[in-house]
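What follows is chain A paired twice: with chain B in the first complex and chain C in the second.
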Partner chain A sequence: MEISVSEQYGLPVVKMSGDLDSTSASQAEQEIFSSIDLKTQLVLDMTDCRYISSAGLRVLLMVCKQLKAQGGTWALAGGSEEIIDIMDMTGFSTFFTIFTTVEQAAESLSKQ
Partner chain B sequence: MIRRLDAHPTHECKGFSLRSGKPIPFGAVIVPGGVNFSVYSRYADSCVLVLFNKHEPAPFAEIPFFPEFCIGNVFSMVVFDLDYENIEYGYRMTGPWDPKSGHRFDSSKILLDPYAKSIGGRDEWGKEPDWSNIFPHRSRIFFDDFDWEDDTQLQIPFEDLVIYEMHVRNFTAHPSSGIKHPGTFSGIREKIPYLKSLGINCVELLPVHEFDEFEHSRLSPVTGERLMNLWGYSNVGFFAPKAGYAATGKYGMQVDELKTTIKALHKAGIEVILDVVFNHTAEGNEQGPYISYRGIDNKSYYMLTPEGYYYNFSGCGNTLNCNNPIVRNMILDCLRYWVSDYHIDGFRFDLASILGRDQNGAPMNSPPLLETLAFDPVLGKCKLIAEAWDAGGLYQVGSFPSWDRWAEWNGKYRDDMRRFLKGDAGMVPAVMQRLQGSPDLYQWQNRMTSASVNFITCHDGFTLMDLVSYNDKHNEANGEDNRDGSNDNSSWNCGAEGPSDDPEITQLRLKQIKNAAAMLLVSNGAPMVLSGDEMGNSQDGNNNAYCQDNSISWLNWDLLKSHGELFRFMKQMIAFRMKHDVLRKSSYVRNTDSNAEISWHGVRAWEPDASFDSRTIAFMCRRFGCPEEPDVYAAVNMHWECHSFELPAAEGNAKWHVFANTDMRPPHDISEIGNEVLLDNQHAFLAGPRSVVVLVSKLNQRKGEDNGTAVTDGT
Partner chain C sequence: MAQRTYPAELDSLEDMLEFINEVMVQLGADRERLFKVRLAAEELLVNIIHYAYPDSHGELSIDCSKAEQGEPGVFIEIRDAGIPFNILEKQEPDITQPMEDREIGGLGIFLTRQVMDEISYEREDGQNIVRMVKRL
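Right after this comes the complex of A and B.
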């Protein structure tokens, strides 16, 4: 799992590449929290994420709950059909607004 | 945050950092830095934790519990730095091999944790297992932090329930279900709009605990297809959901998927009751496999004969020793877990009479397990429903120990109503009791209508369509020469055995199905509808389709088109029941004093005919002091001739209107609520052969409004 933080369309974008599972979840959580301002808006870019496990799903939810507690907002971009399907069936998708591209996600957040 | 003092290892073994664990709770629990493993065995001498990487054939570590890690009869230790999402674990137990004394320890076997919350090995339904696997059912560790938000048990009053008995796989496995993930928990979630449309408010799921669909797998002598354990009345683990029922089972996420499904059902106002099987396990008798309990503590978990063989009160090879204090606690832990972690609203206990037998198999007067469950605080708001008999001959319908908490599957309701439906003589007195919620069975114990789950069909036996299409069972496809399944079905085929092109027969069958639905839904007590009966689902006369994972069992959704009139009838009857409180009384309707809430009638008003040859009965429900509530009148003519029924007067200026008349063809067989049609003759009406007529009193309905409404002939 590789995590990179960049700014696109005026928003911080956390890009996760590879497998988000128990071996990478803890690192992912730390890196995300250390690199963003929780009061802001955030795009989670899952375009290059191959697999997400239970631990990975929980990290995403933890990030979003922390953001919500601080008044931030977020959106999820990309994600394979399989990943989105897993998120649907396990109930995690109800906590995210999911867009096809980072651009769409950023556009939606900027209107909020 | 301050780290805990016990978050540090004290021992090392084979490269693993360890410390003494906490004995309670049993099972594997994630703790700071590691996992706490705890397992009970009264008679084992030693125990080894066996660790596998997920799906790997051989273990990567075997870690013994040090003697100082044992407290009482419990082995417990913390193993640090485990990648718990990617491991599977089991135990090896060493102890005496002495079957006569009840001990069958075998340290060559790797055993499933009886408290495993997630079990791997049958991750995808029907996927051929690796038969050489040395540890086929593997304990896994799962996060128990599901985000329920504000979800809670719905606590729908018992008398307001309309239960829909459903098999997870059968409900949506058929291609006609038209959904993304057929045969799964997610499939149920996709079909919630359908369930809402029907109007039910509770689903009762056939077992969803982990079981092995390949148990007793064999080929059908009729079709050559593989026969499976489809129903799942054979537990591998009591705490884990059936992975193969989850579309995400292959990812090990069945826990989250089931919880998400329950959360969605609750949001739609639908309770979830689980059918739980605590009477036996999948280990069978002494010839069966070692999965868990036999190798962990055979003598505690099973009822054994003095010679050390397995008692078979379940008919499935062994009998769980439910009133052993340790097993009792396991059952309580299990149910508490399902209520607190899964928000389950109630349980239906399979062959529950076994739960009232002592350790020698004798029935007890106040079985401690049943009493414990009745008074347990965590289970305090959930429904407890007993299948009040067992395969050992104990039959307790009407006498199951209840402490005013236990309800029963009312087997007598099923038997009496079936016989009445097919036109047997001598049934009217019993039917009068069943319609009122069976006070003859329950009132003597001061129990209420909530003691009775009324049903005419359930998974066990004919579907409603088959009940009116077959005189005899046709179980040849099960491969037991038609010996399996009940011979006592009280069914009638309406003139031909099985499918028929004769319109008189097919029409009569549809009418009989509506008759059954109407009687069920005007009876006090909680009605239970078998999934598929609302669309005329058939199992081709198979009354024991436990092994038919195919079109025999799968619900064919195309039936909604061909038998749409049945769905419409059932839906409207459910709506009618929900509209009229007098049909959903929690206490028994008063039937004696001058303000009687129920009055009995027959072909002559106020004169019910309960004689042996009578096949007619009618009743009127009236709530005194509630003038805004209409009277409800229902006449049941199970005779093969027409009968004119004289009507009692409706209250005040109200007039009788027809809500349902099963003798009429659609759309006149049943009305929309509020569109009931004024009856021409307010003094009498003609009920057709084998028909049910339901009337409601109203003040101001104009005659002849025709919006798909019911009519009946005046006389």
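Right after this comes the complex of A and C.
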């Protein structure tokens, strides 16, 4: 798992690549949290995320809760069919608006 | 039947999942099923790793093979000699709650039960035995 933070279309984007699972979740959590402090808008880019388990879902839930507490808004970009399937199964797909691309996610947030 | 034994530790998780993945690939599993079985196995194995042996180091064993009965499928049996834990009795999370009310955690075993086609639990000779089937 690799976490990278960048600015795209004028918004902070946290990109998660690889497998967000039990072995990578705590590192991902630390890296994401160190970069979302005080952020009020964020795109979570899962375009290159191949796999997610409950440990990864836990990280996403914590990120959303933190952004909510900061009065922020967020959107999710990408996510394979299998990942979206798991999010549907757990009710997580209601926590995000899910877009196909980072550009679409950023555009939607910019309008809010 | 291919059987392997591992220390019940997070450091061994990747090897455990790789073993199951190899058998699945040999059986011709597609991408979706590889994903789902990996998920089911990870959740169950991590649960054993975290909770089965609170005061000691223990082991777990994995059997993974072609399902003997019914439609083509993969059969997985996971055994540990830790504290009794019937995964089928674990309370399911309320997945309709809004984000703010959702608790952090509690989804693992729920996911295992969701993605597998058959699952059973037995406590026998001091072991927790979980048997699962995913049809291919």
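Of note:
To be clear about the criterion, the second predicted complex is superposed on the first by the 109 of 112 C-alpha atoms of A that agree within 3 Å, B and C clash if a C-alpha of one lies under 4 Å from a C-alpha of the other, contacts with A are read in each partner's own complex, and residues count from 1 in each chain.
In this section, a residue touches a chain if its C-beta (ideal position, glycine included) is under 8 Å from a C-beta of that chain, and two chains touch if they have at least 3 such contacts.
Everything numeric here is computed off the predicted structure, so don't read it as measured data.
With chain A as the common reference for superposition, the partners chain B and chain C occupy clashing space. In the superposed model, A:K68 lies in contact with chain C only, and not with chain B.
In the overlay built on the shared chain, the residue A:T90 is in contact with chain B and with chain C. Residue by residue along chain A, chain B and chain C are tallied for touches, and C comes out ahead. Applying the stated contact rule after C-alpha superposition, one finds that A:Y9 touches neither chain B nor chain C.
Of all the stretches 96-104, 132-140, 492-500 or 636-644 given for chain B, the clashing one with respect to chain C is 132-140.
In the three-chain superposition model, chain A touches both chain B and chain C at residues 21-23, 53-55, 57-58, 61, 85-86, 89-91, 95.
Every residue of chain A that touches chain B in the complex is listed here, in rising order: 21-23, 53-55, 57-58, 61, 85-86, 88-92, 95. For chain A in complex with chain C, the touching residues are 21-23, 51, 53-55, 57-58, 61-62, 64-65, 68, 81-82, 85-86, 89-91, 94-95. Those residues of chain B that touch chain A in the complex are listed here as 83-86, 142-143, 145-147, 180-181, 185-186, 246-248, 251-253, 256-257, 259-260, 263.
On the side of chain C, the complex with chain A involves touching residues 10, 13-14, 31-32, 35-36, 38-39, 42-43, 46, 93, 95-100, 102, 104-105, 107-108, 110-111, 114-115.
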